[in-house]
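Accompanying notes for the structure given below.
Order of writing sets the labels: A, B, C, D and E. Residues in every chain begin at 1.
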Amino acid sequence: MQIFRVVSELVTTKRNFWLSAKPLRVVEDCFGNLEVALDPIGAKSGDFVVTIGLSAARVAAGNPKITTDLTIGGIIDHWDEDSWR
Amino acid sequence: MQIFRVVSELVTTKRNFWLSAKPLRVVEDCFGNLEVALDPIGAKSGDFVVTIGLSAARVAAGNPKITTDLTIGGIIDHWDEDSWR
Amino acid sequence: MQIFRVVSELVTTKRNFWLSAKPLRVVEDCFGNLEVALDPIGAKSGDFVVTIGLSAARVAAGNPKITTDLTIGGIIDHWDEDSWR
Amino acid sequence: MQIFRVVSELVTTKRNFWLSAKPLRVVEDCFGNLEVALDPIGAKSGDFVVTIGLSAARVAAGNPKITTDLTIGGIIDHWDEDSWR
Amino acid sequence: MQIFRVVSELVTTKRNFWLSAKPLRVVEDCFGNLEVALDPIGAKSGDFVVTIGLSAARVAAGNPKITTDLTIGGIIDHWDEDSWR
């Protein structure tokens, strides 16, 4: 699993049916690389989160039919820039 | 999931049966690296899209038997070069 | 499988149900890059471990429903900085 | 999916049973990095191909029991060094 | 699939049950990066091997319940430093 910081929400009006209507978040890793994660737990911009990838991402989304490959799994209680790198 | 820009269509006359006849797009990431994604929703060159990888890519293609490992999941409403990097 | 050193525990009070209550560890590779692994076997900070990724990570967690993508699979008997790089 | 150029055949007399007797090709990406792909469609050295990875690779091999993680999915009609990078 | 050279055996007395008792090998890629692979076919140190990743790794281990994500699939007949890079 990986540690990301939530950057912003991402809106895709034209969207694959199976991606569902769950919110998508743009997240960044410690190098500033961006990815997109499905968010079933309600993380806010600036939160540090643990993300779940691979087939586990679909289970973590609450339904294995949801076609995500990256899902937010938890909000980290204590994390800051210094822990990151 | 990752954010790519659609570059062009990709034609492969000699093609694996299970890859189906769905269109393939060459897509690039923010560093200009190229990958190939199956496109079930009709993205155009220049569109910024969210792609779904892994086993979820097959479900997103509309049929788990389709042998894609990267499928376009949605067209992003608002994105530009500045958001990318 | 990959070789990591355990850095610390990671606490996520707000956590996806299927991630279970098993402990999470922050682990680092030989370049100092950080990832997060589920730990079903009780590794301690400083231990060198072999991690299992992908769908096998869920089986290794003791239950395929557990939504981990990285699980500690074994503690290495003999390993040190010199073997690492 | 990724774009590779076929470099050569690869012979492994001592081979895992489930890898089957299908030909293996050494392929290179645009940076010259090498990987090995199963070839069910008969690509020749120098051909530019689209490869299918992940669990889809096994389906693309014609039998999900075949233990490949990279399978050639199609030969690209028009591609050259300039398109690559 | 990827090409690695076998470096050494790896002993983990405290090991996840499902990782089984099959030997683990430390393997290196052409850049000297290390990974760990399950070895069901008996490769020796110095051998160049083709490794199978992802879910196919478990099938290649002889039992899908074995929690490996990298398994040696074949020993390459002819390979040397010059072919590698």
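What we mean here is this: a contact is a pair of C-beta atoms (placed from the backbone, for glycine too) under 8 Å apart; a residue touches a chain by one contact, two chains touch by 3 or more.
Keep in mind that this is a model prediction, so the values were computed, not measured.
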item	value
Subunit C and subunit B - chains in contact with each	A
CA centroid of subunit A to CA centroid of subunit D, Å	32
Separation of subunit C from subunit E, taking each centre as the mean of its C-alpha atoms, in whole Å	20
Shared interface positions of subunit E, touching two or more other chains	53-55, 57
Arrangement of touching chains [line / ring / star / complete / other]	ring
Chain order, ring traversed from subunit D with subunit E following	D, E, C, A, B
Of all residues in subunit C, those that touch subunit A in their complex	10-16, 18-19, 24, 26, 32, 34-38, 53-55, 57-58, 65-70
Sites on subunit A touched by subunit C in the complex	1-3, 30, 40-41, 50, 52-57, 59-60, 71-78, 84-85
